[in-house]
Amino acid sequence: MQQQSSYCKITFLNIGISKFYSKTILAINVNAKQVKIPLLKKFQPPIIIVNFKTYLEATGEKAVELAKKTEKVSLETKVSIGVAPQFTDIATVAKAVSIPVFAQHIDPIQPGSHTGHVLAASVEETGAIGTLINHSERQLKLSDVDAIIKITREHSLVSVVCANNPNISAAVASLEPDIIAIEPPELIGTGIPVSKAKPQVITDTIKLVREINEKVVILCGAGISRGEDVKAALKLGTQGVLVASGIVKAKDPYMVLREFAEATRF
Amino acid sequence: MQQQSSYCKITFLNIGISKFYSKTILAINVNAKQVKIPLLKKFQPPIIIVNFKTYLEATGEKAVELAKKTEKVSLETKVSIGVAPQFTDIATVAKAVSIPVFAQHIDPIQPGSHTGHVLAASVEETGAIGTLINHSERQLKLSDVDAIIKITREHSLVSVVCANNPNISAAVASLEPDIIAIEPPELIGTGIPVSKAKPQVITDTIKLVREINEKVVILCGAGISRGEDVKAALKLGTQGVLVASGIVKAKDPYMVLREFAEATRF
Amino acid sequence: MQQQSSYCKITFLNIGISKFYSKTILAINVNAKQVKIPLLKKFQPPIIIVNFKTYLEATGEKAVELAKKTEKVSLETKVSIGVAPQFTDIATVAKAVSIPVFAQHIDPIQPGSHTGHVLAASVEETGAIGTLINHSERQLKLSDVDAIIKITREHSLVSVVCANNPNISAAVASLEPDIIAIEPPELIGTGIPVSKAKPQVITDTIKLVREINEKVVILCGAGISRGEDVKAALKLGTQGVLVASGIVKAKDPYMVLREFAEATRF
Amino acid sequence: MQQQSSYCKITFLNIGISKFYSKTILAINVNAKQVKIPLLKKFQPPIIIVNFKTYLEATGEKAVELAKKTEKVSLETKVSIGVAPQFTDIATVAKAVSIPVFAQHIDPIQPGSHTGHVLAASVEETGAIGTLINHSERQLKLSDVDAIIKITREHSLVSVVCANNPNISAAVASLEPDIIAIEPPELIGTGIPVSKAKPQVITDTIKLVREINEKVVILCGAGISRGEDVKAALKLGTQGVLVASGIVKAKDPYMVLREFAEATRF
């Protein structure tokens, strides 16, 4: 038998989301013919989002590698896990994996003369499904947080707004983002988990936020390094975690992330 | 033997530059075997850099299309033309074309905990050969301009620093970037060419800069819309132009850019 | 009869406030002997705050003159009216008048190495009783709005936080300032009164804010130019107005302010 | 005749400067009659400028006390010494002393709608003769440094631009300020004197700056704590020092400042 089917390429084209569902198109190219199969992938609590920051361990090719390990854990455990690579890596990562991809920031701008800024439409076109907003390392003016959340709605992007303390979380709740992530900045990158060191920050946040907004998903972050930290976070009432160095700088990111994912099932 | 050479893919892998040369690797994949041929591409005056800003006409797939038109003009005319797409499009554009690609901005940071920032290493890994710095739409603290120029040197990235007026251009000259682009902000996007409306801004800039720095390449920009504007810019003593809406928002970007490129040969 | 009592100076020393009361000390110097008489001045709704911005008509000596006219209206009408002069004029104005004086901004800093910043303690020592925060011309990061409100509490300063729209007003309400001033930025300085052009912005703000915070005083601003605009603002449920050009740039600020003050009694 | 000269008040009204001369009017009030005597006070190298930052030890009444001690040293030693108190204290300090007073920062704005900003005209009207610009604790965009220097010229204010390193100092030299102060930020507040720990930073600065600008006065700062540090700074070729904690936080500021002033005569 002579082989004909000489080139077969399978790609997942993320084309946007309907809130917590990641609309994915499975595109199969067989000898120049393409078949597209739409898939609906759930992205729902418990949620883990891995922030790649600007770590060299998660830059360029290594961003793709880490995203693939994350996808592996997500597929194996059925836990919703997203990744937030650098702007320059979003397109490549979104092409390489089927899990949800987030930007780390977008700017409160419309298309036009804005050299060096990050446009929602460009993030959307890469296949990312959402963006972090107001991370403690990229804090924004109050009116810009509001403007960016409104822009994410226009683009069907998921908004993940970070907040430093319970009061700020409550303030953010009035702006009606999809997800709030409470992260005490003094614990970020320390390995001291917020869920154990400052449980009251989390419970206060949940209490204040829920008085204002019943729908918003609440995550916590900062210092999360072990499965038990994730478990503690969920027990306190959060719906997931935002993590970074605990995974990115781990000796074996796959193993630690797998521990995190399994800890969500208790 | 039956197999026809069924899959042949040719890609150019930009892997950095040695100042005004773009080191490119021509990678030919023939049925899983890859042959790499190093090329040295000149990027030298007269220079045209096309800033894609955050125009929808130059976002995502359209960024790739515009970059390909630019490459076509560059190949046909032998004029050095670079493109500066959005962060999210750099990787895709740099893979699609062999002409030099620039970021529109990088941040004065080292790898680490800097969510939502732009790392030089990530830009370099995409295959971009340099970056715009301090564009009037993304102005920076003086000490950050200095820090970013130093970072570009560590990464062999070409630094293109924008300046508003002759005095600021002279100030930038002391920081020893590779390229200075003088752009009076009041003319940006107007279609009124700096080279005709404010020739003295250009001649004063050249005079003041050359007293301090003999090597730096001097471009001008703002309002450049026709070939004669480019010609006027070169006659005043600049070594090229930085353009944006004149190309990006033109009805036929290829034709206008070709006119620009041809105008450099007078 | 030989005159002896040659020098008698009366000054009002504002020494801080207990929320909406301005603790003032009346200091009478008679030939080197000083008598201090403590006064308690109410600062309570309906409230008018006149923001001097950086108008030349309200800079230096003219700031003192305008503050004296404001004091005259306040004394004549018994309406609580405060003034917010520039940083450099606060001390002089606070010595010259007995009405409440506000800073236009303070920074989220503690005493120390912060060249060129505005310290709460320095504002307090001038005799000012509070500060504007997050004015649309001096917008702040969300976490800084929170930090500054906390600092005002430590210094018994009244916090007047400006907000652009109803959602942002609601967000601010969670941070528990003393006063929220809703000001649609597109109407600031236009003479088109928010209370007539965008009544729903005001009623929505009141509704959203009151769901979160029952105590905070709600003002509105932008375009307020006539007594009837003030009246309309109060009828919509606000407790006063924040005004600037309507008074500062009026031909006869005293007359316009008197009209404003009288309009609060309907 | 019976009348004793019962009230005599002498004040110095600083009304601006002609570059390095402080135009002062000596105003003598004798029983309601005022005699004005214009004085010209030199402010010329060697220069010491004391930056009060936002130290509590130099806030409000303590700012006036420290300024008076500084004036005493200046009068006793005939050395030009200026003070840079907080915005809120400039007016009071400028009225209390005859030595030159500087703002710590001004904004690149014209009079108008700029709530919470610092207007050159307001600083000038307080009697201050100049301003620090771009201190490492209040860094500015390159174009704003340029704009503010131009504004100081319009207002006859002395511009003292701070720079982090020799390259940045050279860049600033092209903007033609009156004074450049080189301060390596890593030494600020450490008590490790730049003039001893990093002499090459100073000599490189002088070399690079003098190639571009022969007139600008060059100061250095950071860690200056003893007379010998001042002496070392002048021996390296500077024309004075910018100091802060070394004086403000000294147990006896008068004694340390007197040591500094005497060290300028070697």
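Note that the chains are named A, B, C and D in the order they appear, and that numbering of residues resets to 1 at the start of each chain.
Keep in mind that, in the parts below, contacts are C-beta pairs under 8 Å (C-beta built on N, C-alpha and C of every residue); 3 or more make two chains touch, one makes a residue touch a chain.
Computed from a predicted model, the values in this text were never measured in an experiment.
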{"item": "Shortest walk length in steps over touching chains, chain B through to chain C", "value": "2"}
{"item": "Centroid-based (C-alpha) most distant chain relative to chain D", "value": "A"}
{"item": "CA centroid of chain B to CA centroid of chain D, Å", "value": "43"}
{"item": "Centroid spacing, where centroids are CA-atom means, of chain A and chain B in whole angstrom", "value": "32"}
{"item": "Set of chain C residues in contact with two or more other chains", "value": "136"}
{"item": "Arrangement of touching chains [line / ring / star / complete / other]", "value": "ring"}
{"item": "Pairs of chains, among all present, that meet the touch criterion", "value": "A-B, A-C, B-D, C-D"}
{"item": "Complex interface listing, chain A residues touching chain C", "value": "134, 136, 139-143, 145-146, 163-165, 167-168, 170-176, 208, 211-212"}
{"item": "Residues on chain A engaged by chain B in the complex (per definition of touch)", "value": "2-3, 6-7, 51, 53-56, 59-61, 84, 86-92, 103-105, 109, 111-119, 121-123, 125-126, 132, 135-138, 188-189, 244-245"}
